[in-house]
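The structures considered in this document are given below.
In what comes next, chain A is part of two complexes: it sits with chain B in the first one and with chain C in the second one.
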Partner chain A sequence: MIASDLLDVPVHDDAGAQLGWVVDLRFVLDGAPDAYLARARLHGLVVSPRTRTSFMGFERSSVRHPWPVAPILRWWHRGAFLVHWPDVARVPHPDEGAGPGDDAAVVLRAGYTAYEPGL
Partner chain B sequence: MKSRLLTVALGILTAIGGFLDAGDLVTNAVVGSRFGLSLAWVVVVGVVGICVFAHMSGKVAAVSGRATFEIIRERLGPTTAGLNLAASLAVTVLTLIAEVGGIALALQLASSVDHRLWVPVAALAVWLVLWRVKFNLMENVTGLLGLALVGFAVAVFLLGPDWGDLAAQLVPQVPVQESAAVYWYFAVALFGAAMTPYEVFFFSSGGVEDRWTVKDLATSRLNVLVGFPLGGLLSISIAACAAIVLLPAGIQVDSMSQLTLPIAEAGGTLLVAVVIVGLVAATFGAALETALSTGYTLSQYLGWSWGKFRRPVHAPRFHLAMILALVVAVGVLMTNVDPIAVTEYSVVFSAVALPLTYLPILVVANDPEYMGEHVNGRVMNLLGTVYLVILVVAALAAIPLMIATEAGG
Partner chain C sequence: MRRRRTGSRDVPRGPEPRQPGRVLDARLHLLDRQVLDVDGMPVCTLDDLELEAVDGRSAPDEPIDGSVPVVVAALLTGPVLGTRVFGGRPPASRWHRLSWAHVVDIGTAVRLSVRSDDLDATWLERWTHDHIIGRIPGGHHDPESS
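Moving on to the complex of A and B:
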């Protein structure tokens, strides 16, 4: 699996209701030491309810500049949340989502926790 | 320690690619011969704009070590950044085609040998420099030799124009014999050329090649403040030469050879020789800049190792991308297409590439995770936002203006 298999993919809850789209992946560096750094581990997905366009990193911090770019993006992505990887029940197979009308989606477990996306 | 002059070579070379590449050399003379200096204000607006964004991209490169297309990919995500990559590559490769053709035309001026015979020679020479020559030496030699274009500024003084008359032309107005649409088409084309996206790709990657760190922020600023205003000044000088000699005579410019007519009148053979050296160096420098930008953007988007500071064997796909771009350039030129006309169509792709390039730079320059204490101040943010709006308006206006005026007819 590569990052593009998850980015831009719709997100559903276990009842099939649409929650939004995956707009970013959150990694932590706590694995075994690699060539330069600790190996990265997928920590969770950033899900935005209204758009699949990029949040441009504003979800990580409280940066308010440059005006008006930052406020517009914050408004557009309001309600974005972080869901931890263990709360993800199913991800689309890499071959899914090729055709139009295909309902490839990330499905979350019942009772998943939506976290604030800020660091 | 490097001398002050060589420290700013990167800025000068970057500005040559923006203001004095083959397409712009001719456009400047066309503008001067048709509109006098009534479009000089656009160059000034463009110089300020590219200074703002080149400063930000150089600052990000120096502080975080990341070049512009790396942050574009990171902030926009693969899909939108991919769209920008396609548009930016189109602009860059179209310009590279014009530059290889431009070197050939400039060598024809020097040798009287047909330019089509020079095309493979020019491409081979560009490739050899990309493959063998150290970045530092490359930027110093082309930057310094490109300064021979100062001959155009010298020629303005030697021609001894009526300064009052010349100054009166600086007022923005549409000349009686031209339509407003054509005036604004050239205004947008000059502005787009000044702010063309490969300048920041090259400048920021060049900062990484020159191993800039936080200590080099002053160097970055100096490069910006010397390079781009100098490029703009030479661009206006070319227009002024054409305005003094060609405009009153009613001569319409359509080729590179006509650039030297005012020079010959002002300074004779010697000045023409100096200017031809400058033309070859400028087109050669712009060819290097666009070829390298092709490799930089593609490698930074796809996560390949890149840079001339690595030996080719350690950045094979980066070098392969540049070789392919040069092969495409030679192939297109062999169809006998007019190399200068090719660049007119890059306006269409700039409409996509410009906003998608400058927005991520502005965002990252505000991110304290990357920039620490060096985040943008209020003035830079205000200028950046204002220019982003101007860019979008100009980019949207460019396409209907190009169609309505048949690219300046």
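Moving on to the complex of A and C:
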């Protein structure tokens, strides 16, 4: 699996309701020590309910400038949330979604928890 | 089947617990960054990330769900211009892999612990040097050092 298999993919809950799209993948360097850095563990998916992608991550940072770019982008991405990787029940196969009518989506487990996406 | 959308689009969110290690977002901190070798020479841009289960059970082309922890196995670079415009992904054979074990630092660029000459990702640059630039008179040395 590669990161592009997850990015921009729709996200559904266990009942089939669309929650948004995966706009980024969050990693934490807390895995087993490697040669120089710790392994980068996939911590979760950043999901935006309104847009398929994110621009500069304003919705995840405390940056307020340049005005009005930052406030507009923050408003545009309102409602974005982080869902932890263990709450992901299903990831689409890379070949899914290639044709018209294909419905590839990341499906979350029942009772998943949404977190603030801020860094 | 057409999926229905939630009504308010706003999911209740709790505060994210503090993590024990450095936090990186793929698009913000990794993808499209320049990759530099141990001497600071440019190697490539970081086009994608190869993910694998911690226990190594999954094949590279197989999806993994949240039941198993996943880590970055390698940085990937390859011919992504077409797939970024038209969609899809390059076949696995077209990717050049840079092992995560070679990553020394992640900042404005991603720094490696190896020399670019030792990496498959720079084969085109070496081929161009040997077969095109090297055949031009004076093409074998730095003009400022002659």
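Structure notes:
Rule of thumb we're sticking to: the second predicted complex is superposed on the first by the 117 of 119 C-alpha atoms of A that agree within 3 Å, B and C clash if a C-alpha of one lies under 4 Å from a C-alpha of the other, contacts with A are read in each partner's own complex, and residues count from 1 in each chain.
Heads up, the rule we're going with is that a residue touches a chain if its C-beta (ideal position, glycine included) is under 8 Å from a C-beta of that chain, and two chains touch if they have at least 3 such contacts.
The shown structure was predicted, so the numbers you read here are calculated from the model rather than taken from an experiment.
In the model built by aligning both structures on chain A, chain B clashes with chain C.
Of the two partner chains, both chain B and chain C are touched by A:S4. Touched residues of chain A, counted separately for chain B and chain C, are more numerous for C. Of the two partner chains placed by the overlay, only chain C lies in contact with A:H43; chain B stays clear of it.
In the superposition on chain A, A:S54 contacts both chain B and chain C. In the superposition on chain A, contact is made by A:R109 with chain C only, not with chain B. Touch criterion met: A:V23 reaches chain B and chain C at once. When the two complexes are superposed via chain A, 312-320 is the only one of 258-266, 312-320 or 348-356 in chain B with C-alpha atoms clashing against chain C. Once the two complexes are overlaid on chain A, the chain A residues touched by chain B in the first and by chain C in the second are 3-4, 7, 23-24, 54, 56-57, 60.
If you check the complex, the residues on chain A that touch chain C are 1-5, 7, 10, 12-13, 16-20, 23-32, 34-43, 46, 49-50, 54, 56-57, 60, 78-79, 81-82, 84-94, 98, 103, 105, 109, 113-119.
In the complex of the two chains, the chain C residues touching chain A come out as 1, 3-6, 9-17, 19-28, 30-31, 48-52, 54, 58, 60-67, 69-72, 76, 87-89, 100-106, 113.
Contact residues of chain B toward chain A in the complex are 74-80, 359-360, 362-364, 366-369, 375-376, 381, 384-385. Listed in rising order, the residues of chain A touching chain B in the complex are 3-4, 7-8, 23-24, 53-54, 56-58, 60-61, 63, 65-70.
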